[in-house]
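Look at the two complexes coming up: chain A is in both, with chain B in one and chain C in the other.
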Partner chain A sequence: MPASLTAVLLGLPLTLVVTAAAFALGAVGGIPLMLGLRSRFTPVRLLVRLAVDLLRGVPTIVWLFLLYFGLAVGDVRLNSLGAAILGLGLVASAYLAEIYRGGFAVVPKGQTEAAQALGLSRTTTFVRLLAPQALRTVLPTVTTFLLMLLKDSSLASTVGVLEMTAQATAFSRQNVSTAGLTPFFVAAGVYIAISVPLAIAARVLDARLSGSH
Partner chain B sequence: MTASLFTPAGEAATAGVTIANLAKSFGSHLVLDDISVTVRPGSVTALIGPSGSGKSTLLRCVNLLETPDAGTITVGAQTVHAGRRIADRDLLALRRQVGMVFQSFNLFPNLSVLRNVALPQQKVLGRSREEAEERALALLDRVGLRDKAQQHPQRCSGGQQQRIAIVRALALDPRAMLFDEPTSALDPEVGVEVLAVMRELARDGMTMIVVTHEMQFARDVSDHLVVMADGRIIEEGHPATIMAEPAQERTRRFLSAVLER
Partner chain C sequence: MDLGEYLPRLGDGLVVSLQLTVISVLLGYAVGLLFALGVSSANPWLRWPSVTLVEIGRGIPALVVLYIVYYGLPSAGLLFDSFPAAAIGLTFTAAAYSSETIRAGIRSVPAGQREAAAALGLGRATTFRRVVLPQGLRSAIPALMGLAVQSFQTTSLAYSISVNELMGQAYQAGAVTFRYLEVYAITGLLYAAIAVPATWLSVYAERRLSHGYL
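On to the complex of A and B.
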């Protein structure tokens, strides 16, 4: 047990790096995609809609293979970590764009009308009024997505990133007669140890925000 | 900080509003059919009529929340012609002259009461934060809500929220005010607080156009009553006269229906 725990924990930093980097990429990349989905210009809207559906329509693991084995700029290929972060991040940006869009869609129309009637600019209305309200609405959904991403980071093992799941698999193979399923139970325990406090923190934040609301 | 708080002192505090030959369709449905209304500076016009008569759409055309298909709108010296492309500059110039109060208050839930009133002043008029908040507090004080300044609007009652919404609009020193059924979402005893503020505003000489079902308010406060039905003005004139002796059968039916409630 301690041996398998040590082995699994070796992968923890990469699990956290892949999750955090892909989430950051998705959270930021989702903003322009969301703006595109809300664009007043139909061609822009259709193009971004197509891109988002394409990103979401292909399994993440397929994106990882395509990026890792297929993408080459000249002689330069993505390393496994780069491919994992980029693949998970791109897919995350598509999902988060949809989540953001949903958040803006539920801000009442009266908010925009009141801002217009007051003579506020489109930018001020968006940045100071609509975005904070939308963000507030989507916070629980975004947290759920982050927890899913934490678990999906295990897909990085398929392109050779030695994160927790890869470490558990390796340890299990090296100790076929003794380890059994233990490393996977250990990995499950570590995933839970990260995700449950995260979920609790998000609920606390949510309750605090709705308290002030 | 006396009686002139509501209306900016000095040159031409309030403006008249002239609506001429306004038309508007939603798809093939004609909601405004050749509407002309003149509102003198400092006067109060009440717009009444059955739902679907076009009165809210007319009001929303005045500050271009709805774009009319034809006609002109003049507020003070600012005229906008429908049918042509309206430059952003003209749109903003018109909206800066006119304040609006909505049925559903539409306060910003992500901002405190104070910031609701101060932020537009900073962004639209370029006032400093201190100046804007000072003005906000003075106006909130005037409607008895200074102690709510740091709260979020959702913590306030409907009547309080609507008074805050009025203050938010007034803080921008408008030269005319539009009210779109300001008490319809409120219980009658709460609506009274809002109507009291509106009466005071009228006394201060603010130009007001009020879409309302409050017949007593329309009779007591307004100088001019406009009755609409099916996108047209069917009758207009002195409120007491129309209410006592409506010239149109349609007006009579509407008035008795409203008064029976």
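On to the complex of A and C.
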């Protein structure tokens, strides 16, 4: 148990790095995609819709393999970590764009109309009025997605990133006779141990935001 | 080596992926219903084991679940081939996720339905089976369809325990032909060709069902 815990914890920093970097990429990349999904121009909207559906329709692991093995410009290739972060980040941007869009969809129409009546510009209305309200609505969904992403970071092990799942597998293979199930249960325990405080922090943040409303 | 030779194998792989999906969705939702009943049970001996299993299933990555079944359980004396191991692991994950969806569906049935059933003199079991459960499952349908699409995509993880499903076939084709870009692009499109229309279908079902009963 202590030996497998040490081995699994070796992978913890990379699990956190992959999760955080992919989330940051997705949170930022989701914004232009969301704007595209809300675009007034039908061709733009359809094109972005197709891109988002394709990003979400292809399993994440296929994106990782495509980026890691398939993408080569001359001799330049993404390394494991780069491919994992880029792949998970791309998929995340599609999911988050859809979540953001849902947040804007539930802001009452009256808000836009009131802003128009007050003579606010379209940009001001969007940035100062709609976005803060939408953000508050989507926060719980975004948190749920972050927890999914934490678990999906385990896919990085398949392209050779030595995060927790990879460390657990390696330890189990090196100690076939003694380790058995232990390293996997230890890894499982660490995933849950990270998820719980994240979920609690999100709930506190959510309560504080809706309290200020 | 010609890429064309490998295309039929991708088709064979897709069939295996679909088999895994059907098994894990059908068995997973059946077990998910049992978990949902267990989690809602008043009996702590039923509730706590169910809550624990559901939280474990939802809290840990599906990949780790597969490794536990395939590499881990043999040390406990349970040895599975890749396909049954993948089916067991994916069923467990699908069960854990669907149980929460089913539970939310059951909870969304208005209390007035139970009260009306009680007023009509129906027993608790009959009320649940004939009144609450059908309505609860009905409102859970769109979410369960969405989960089925997720389950289909999750079958791609089975390649990691050497199941010859679509991703496994793609990996072999890529390793032999070295034409990774084409192989994985075709593979991705094959997954998307099923997952994207299926997602549209679940969105359509959600719209239809949100209109209510009459």
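Basically, the second predicted complex is superposed on the first by the 213 of 213 C-alpha atoms of A that agree within 3 Å, B and C clash if a C-alpha of one lies under 4 Å from a C-alpha of the other, contacts with A are read in each partner's own complex, and residues count from 1 in each chain.
To be clear about the criterion, contacts are C-beta pairs under 8 Å (C-beta built on N, C-alpha and C of every residue); 3 or more make two chains touch, one makes a residue touch a chain.
Worth saying up front: this structure is predicted, and the values here are computed from it rather than measured.
Engineer: Look at the residues of chain A and decide whether chain B or chain C touches more of them.
Structural biologist: More residues of chain A are touched by C.
Engineer: In the overlaid three-chain picture, which partner chain does A:Leu46 touch, first (chain B) or second (chain C), both, or neither?
Structural biologist: neither
Engineer: Given the touch rule stated above, what does A:Ala105 touch, chain B (first), chain C (second), both, or neither?
Structural biologist: Neither partner.
Engineer: So in the superposed three-chain picture, is A:Ile200 touching just chain B, just chain C, both, or none of them (first/second/both/neither)?
Structural biologist: Neither partner.
Engineer: Between chain B (first) and chain C (second), which, if any, makes contact with A:Val28: first, second, both or neither?
Structural biologist: Neither chain B nor chain C is touched by A:Val28.
Engineer: Figure out whether A:Phe185 sits in contact with chain B (first) or chain C (second), or with both, or with neither.
Structural biologist: second
Engineer: Touching chain A in the complex: which residues of chain C?
Structural biologist: 55-56, 59-64, 67-68, 71-73, 75-76, 153-154, 156-157, 159-160, 167, 170-171, 174, 180-185, 187-189, 191-192, 195-196, 199
Engineer: Sort out for me which residues of chain A touch chain B in the complex.
Structural biologist: Residues 108, 110-111, 113-114, 116-121, 124, 128-129, 132-133, 136, 212-213 of chain A touch chain B in their complex.
Engineer: Can you tell me which positions in chain B touch chain A when the two form their complex?
Structural biologist: Spelled out, the residues of chain B in touch with chain A are 63, 65, 92, 95-96, 98-100, 102, 104, 106-111, 119-120, 123-124, 152, 154, 165, 168-169, 172.
Engineer: Residue numbers of chain A touching chain C in their complex, please.
Structural biologist: Per the touch definition, chain A meets chain C at residues 53-54, 56-63, 65-66, 69-72, 151-155, 157-158, 165, 168-169, 172-173, 179-181, 184-185, 187-188, 191-192, 195.
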